[in-house]
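The following pair of complexes shares a single chain, chain A, combined with chain B in the former and chain C in the latter.
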Partner chain A sequence: MKTEIKPEFLVSPFLVSFLVHGTQYGVGVLSFQRELAEFVGHDAWISIIITGFIIHILIWMIYTMLNNDKGDLFTIHQRTFGKWIGNLFSLLFILYVLTMAITVLRSYIEIVQVWMFPLLKTWPFALVLLLIVYYVVTSGFRAVTGICFLAVVFPAYLILTFFVPIEFSNFRNLLPIFDHSIYDMVKSIKGASLSFSGFEYLLFYYPFIKNPASSQKYAHYGNLFTTLLYLLIMIVTLAFFDQEYLKIVIWPTLMMWKIIKLPFVERFEIIGVTTWAVVMMPIICLMFWSASRGIKKLFKVKQKKALVVLLFICFTISCFLTERETIQQYNQWTSEIGFYILFCYLPVLFVCYHIRFKMGKKI
Partner chain B sequence: MMKKAKAAAVILILFCAFGFGRVPKLILDDINMESAVGYDYVNKYIIKATSVLPIYKPDKSVGNETFTASDELSKETLKKINMASSRQMVNGKLEVALYSKELAKQGIGDLIDTLQRDPSISERLFLAVTDEEAERILSKRYGDRDTGIYLSMLIEQNMDVGLVPTYNLHQFLNTYYSKLSDPFLPLIGQKGKDIHIKGIALFKGDRYVKSLRQDHQFIFKALLQKVKQGTYKLRLRKHHFIAIENIHTKHNFHVENKKNKPEITIQLKVNGIIRETRGKKTNKKAVEHIKKLMEKQLETQGTEMIRSFQKLHIDPLGLGTQVRSRVRNFQDQKWLNQYPHIKVNLKAHVDILEKGVVD
Partner chain C sequence: MKMWFRKNPPKREEHTLFDLILQYKKSGDFVHFHNPQTPQPYWISYFGSLIDVEILHRDILPYLNRTALTSIKDVKKILPFEDVLITSERQIIEDALLRGSVLIQLHEKDAACALVRAEMKKSREVTIPEEEYSVVGPKEAFVESITTNLNLVRTRLPISELQIREYTIGSLSKTKVAVLYIEGIANEENINTVCQRLENLEFYQILDSSFISQLIEDNGNSLFPQLIDTERPDRVAGVLAEGSVVIIVDGSSHALIGPISIMELFNAFEDYYINWQMASAFRLIRVLAVSFSILVTPIYVAVLTYHYQLIPKDLMVTLVSSRRTIPLPPFLEAVILELTIELLREAGARLPTKVGQTIGIVGGIVIGTAAVDAGLTSNVLLIIVALAALASFTTPVYRMGNTIRLLRFPFLLMAELWGLLGIAIAFLFLMNHLLRLTSLGRPYLEPIYPPRMKDLKDAIIRLPFSLQSNRPHFLQPQDQKRFLKNKASEVKDIDE
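Here is the complex of A and B:
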């Protein structure tokens, strides 16, 4: 490795589980049920388990590559595909991270607009959120990790709220089990990919972990926790909604919160949406940190300058996404791209890397 | 220099945020929160909406105010109501939505849409059908509360301990969108000065078709949900009745011959306590007799009711969803064609736990 990270910038290995879970558990949680149930109906919870398992394998692949390389995505790309092509792939990956960041930011603002303030303009809100992002990211990776930790611990009370809809649920909806073909199951994994993405940033922050090789189990714990949480939400959703009804609900999780009634607060989803600001903040922070670090390494510019440019691009694009239909279209594209990057590109990279590495040894 | 530029940028962003990022505020004292809304049929295209809102008077009593407007769209009626009101109307605290029978016959799907599309409306909202014009029911004042709260308490109380199945907006939408079951709503009528729950209005899709017979109400709730605190009037002979109270029930579905033509057997378990008898001793033999009689009566009522549902092609009990959850590769259309000819057996088992403090 060319540049060693100074030890005062490193984070403990156990924090990786917060980093992984914190970035997976984002805006997707509010709406992922619908895309899954579209293909497999009441068997959607099985797809969650399958997807979670596949992600475990992908995490293992990422760690095998990284442990071997003792670097990050950029060194892996350079060693596998050579300097120019490798850097090109890195750049495309950074673009993917940027599009994901826009998705998260715009989806969240849309939720606030639909559920709380219909008259809220996009740009001032985006501006303030991105200002916070700038503040966190410029404070360094340790600050980003801290935000991730907070974002997992602070909204944890929301897990309890997923038990409330059980009062109006019918668990017979889940039967019969395995009523769909394997082909449908595979198609539904595509729908789940967006809500499970977030672990791939390991490729960026790996050098910032103390004893990085020992952090693998924590990454798996993080993903396991995400899977279990999604499983709980999915099962409750399927029991709470009828299949036909679920097909037209855009944000099933928020709909489930609507049934909660507390003596002091009539509409619980307002609290939920507000708490979600804390949940989605670290995701955007980590994404921008990764992207700006990538730009820094590729073009040898200062990270802060790269960050400002990226934030500006994100701000402009999210302001142009104004209608529900365009946002949905955009999200669908990102979801599609995300699926191919995570489930196709990463395994291909893994294979290429190993072929290359073995050949390199022989020579 | 750099630092100054940065500080300027931060101040500019914050200024923009506070300057342009504001949304109009709604102060509790300056808005009208409607607590109930009623819809009436005017003609094929136009509906009449009536909103009720509580007025909190300085002497701590609560009054009522009603507004009525007619239009094609229900949100548009809200706008027209706003024109007549001194404060802005909001619907975040809506408790009850009423539909007149005449309107329900034409279909209420489009009107439900506005309730479901609006994020500020609770999923726990109660829906009900009124026997006469909703406006007439809403324009009166009942009890010491405002009409909206009164209605919601009336319905909720009857769901908890009465014979109305627990049923809110969410459950209505679930059954409304489901292909395999049909919704129903409580039917509210006026009797003299008071309002009362007359029964249950059955729907096919979003259209009212029939109201449930009074004597079928108990078995309807028992087959749909668990009755936790029910009462049942058992007819022994002409003019001889027994009241069974504190009833709690449980039911189980069994489906046979799943592949071709399903046959459904429902086992109903009823536990209750004798509270009042007229012209009957309650020794051991008599209790045994009462049990047998009640079982028979429940079974005949139940099968009669299910037959009438099958004749109307409606499935408020959700038999279709019960069969779906037990059959692999379930085909909706095939089931819907079969439904009127499905054989449904009802087996009741009654246990009289206690008979009060005298024999």
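Here is the complex of A and C:
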């Protein structure tokens, strides 16, 4: 089952921080504020910190399993649950990855349709984006990592734009602190899970890292950077918007960009949406890379064929999601599934793996 | 008799030397004559078009006429050449004759003969580099003769570690190709890759080094040059010392350098002759110019077609007043102007220098002004397109300039299709392509990806020599150190 990966396909450990951050920082950034503020209002920034902390623990769990196993999700599943059940769980996980990919792709296209081209048909744009995905993924994991890296480096200038609204902000909006119950906090963490997801692909690309055990700290750095960035955006958003207004704004980040004015550019949100094409590209690429690699390992088919099939499924489903409500509904579901997979299934797997491992040792 | 048969088994008739000569005699420039007046009569044959008649008259014939030869081996003693070859092997004789040797025989039907090299060396003088001209620094450029070129490189690197491997490539052209590297610095893998590809090369004719570069590049379908061609011997010596591999082809005034990364396409070798602040500034300007050149016309089209909201009020007034009377949509306007510029460039390149210059000025000024006056294009776009064309000429590597000019058109098309988003998509495609590309198996986008901080010192900027104590990492040199750092940059206290 285990096949050694040739050294020329491996990537340096420190690139893991770009892989983790690059996949977390995606379409969710444009809209995550509302889902949090819905439950905890001006305390949303606290739940960002808590979620970031939980993700650190999850990354630690993943690394403990992977370092022990020296494999990936599939070997872990097989060792924990046996061949058949393990593979079934792997397949379900791949399905989850695919649904996430569809969410990301369709949400981005929706943003484009709302903010830039109201008359743009979904299918041609989805087709072109998926063609790029095909081009990247067929170039192998090094190219996927490269796109992740460039997609973090190039749009980095957008971070500066988050400071601009501070001029028009009122930081008293953040007071009083700790104004919400723990139950509300938990619910808000559920809302944040979609924007923090992305680190779980470690389970797929772990064997492609040089000295994989040494990459753990970089994964934590990546998550730390994401948390800090979200914290900045959240605080600025809370200070900039009125709370009641924030609950009805669908894309608060884009709304904040509206006030940026440069001598040669107005309506900065158009540039933001354009740049977001570069930001969300690596996420879809990594998702499809992971999913197609999973199918290759499970069914022993060529990764290229698996990729084509997955891209076709994604293309078809995204074309059928036409109404704003259906997309919203779909995103709601995936967010829910994502929450349970990340925050419930991964710890359960961790526990099961360790019980099994200890038992196996004794026998 | 028996011995004679064993030595020269006459299986087929054309195997004897005499038949070979008879076959060559069909060609008008083949000379084959007998001189019976001398102490020892001899036969002499050569291609008149390949040999230097002066050598023949001055250094060969007088000695042959003066001395009595008892056997063919005596030719070696009497002629003032260090490499007179006595052989009877047909393949060697054939090669030598076709490369400009004179063949001497004592009897017409002898199998053994003496071969004396007397090829005519014709090559132009070493001149000033034209494509990679630099204001400061040496002004020598390669010529078409491989011997002169190798001399130009070797005089700059008089060390025994400089190795040259020679190949003969081309079934018809039999071109000499030399691979140069410094042993102990250049990575074995790179050398082997180059040599392997050259050995596997099957082609009928190599007229220039660009043939080789097209044939051995990693991705032949890419627009981007994956080997740099240079006409500067100093650049070749410089990159050899960094650990690159260089290919020099006979008959070509350009040497090929590999492996390269994309950043080297923005480096003029002049950058090393001026101080580092200047060099860094110029490199930054070049990178900006290239991005400007690719993106600015597409952005104009995208913004004016779809995103006019992006333009602030004051700028809008300028743009609108410039475009008010233009009947064409921005895309057509831009394409027409871009094509005009390409037309001027192509015409200028095909014509003799002086006429070309005139055409450039006349075309540029007259057509440009007339197009604006006639109301076909706007002033703003004219400025943009002209600047973009100018910017594309800032790249020090000529082939890169062509790449940039061609890249603009897909970007334009995407801009017309989906505005800024189309440009972003084209950009993503370009990025992926560059990520995928390799030069002799080394990543093309290095040091950007894979990110290597150490190599950034000599990429987009050039830091002072004292900080460049290591050779570029992406060439994976066997010997990392250029020089010992602590000696070069000793920190001194005040008044010490």
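As a working rule, the second predicted complex is superposed on the first by the 362 of 363 C-alpha atoms of A that agree within 3 Å, B and C clash if a C-alpha of one lies under 4 Å from a C-alpha of the other, contacts with A are read in each partner's own complex, and residues count from 1 in each chain.
Assume a contact is a pair of C-beta atoms (placed from the backbone, for glycine too) under 8 Å apart; a residue touches a chain by one contact, two chains touch by 3 or more.
The structure displayed is predicted, hence computed values, not measured ones.
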{"item": "Contacts of A:Pro263 with chain B and chain C, given as first, second, both or neither", "value": "second"}
{"item": "Partner chain in contact with A:Ile132 - chain B first, chain C second, else both or neither", "value": "second"}
{"item": "Partner chain(s) touched by A:Ile271 [first = chain B, second = chain C, both, neither]", "value": "second"}
{"item": "Chain B versus chain C as contact partner of A:Asp179, first or second or both or neither", "value": "first"}
{"item": "Partner chain in contact with A:Phe117 - chain B first, chain C second, else both or neither", "value": "both"}
{"item": "Touching partner for A:Glu325 - first (chain B), second (chain C), both, neither", "value": "neither"}
{"item": "Partner chain(s) touched by A:Ile147 [first = chain B, second = chain C, both, neither]", "value": "second"}
{"item": "Shared contact residues on chain A - chain B and chain C", "value": "117, 120, 125, 128, 261, 266-267"}
{"item": "Parts of chain C lying in touch with chain A, wherever the complex brings them together", "value": "306-307, 309-312, 315, 418-421, 423-425, 427-429, 431-433, 435-436, 445, 448-451"}
{"item": "Touching residues on chain A, where the partner in the complex is chain C", "value": "11-12, 15, 112, 116-117, 120, 125, 128-129, 132, 135-136, 139, 142-143, 146-147, 149-150, 153, 261-267, 270-271, 273-275, 277-278, 281"}
{"item": "Interfacial residue positions of chain B with respect to chain A in the complex", "value": "10, 13-14, 16-17, 19-21, 23-24, 92-93, 119-120, 122-124, 168, 170-171, 173-179, 321-322, 325-330"}
{"item": "Touching residues (chain side chain A, partner chain B) in the complex", "value": "114-115, 117, 119-121, 123-125, 127-128, 131, 168, 170, 172-176, 179, 240-245, 248, 254-255, 258-259, 261, 266-267, 269"}
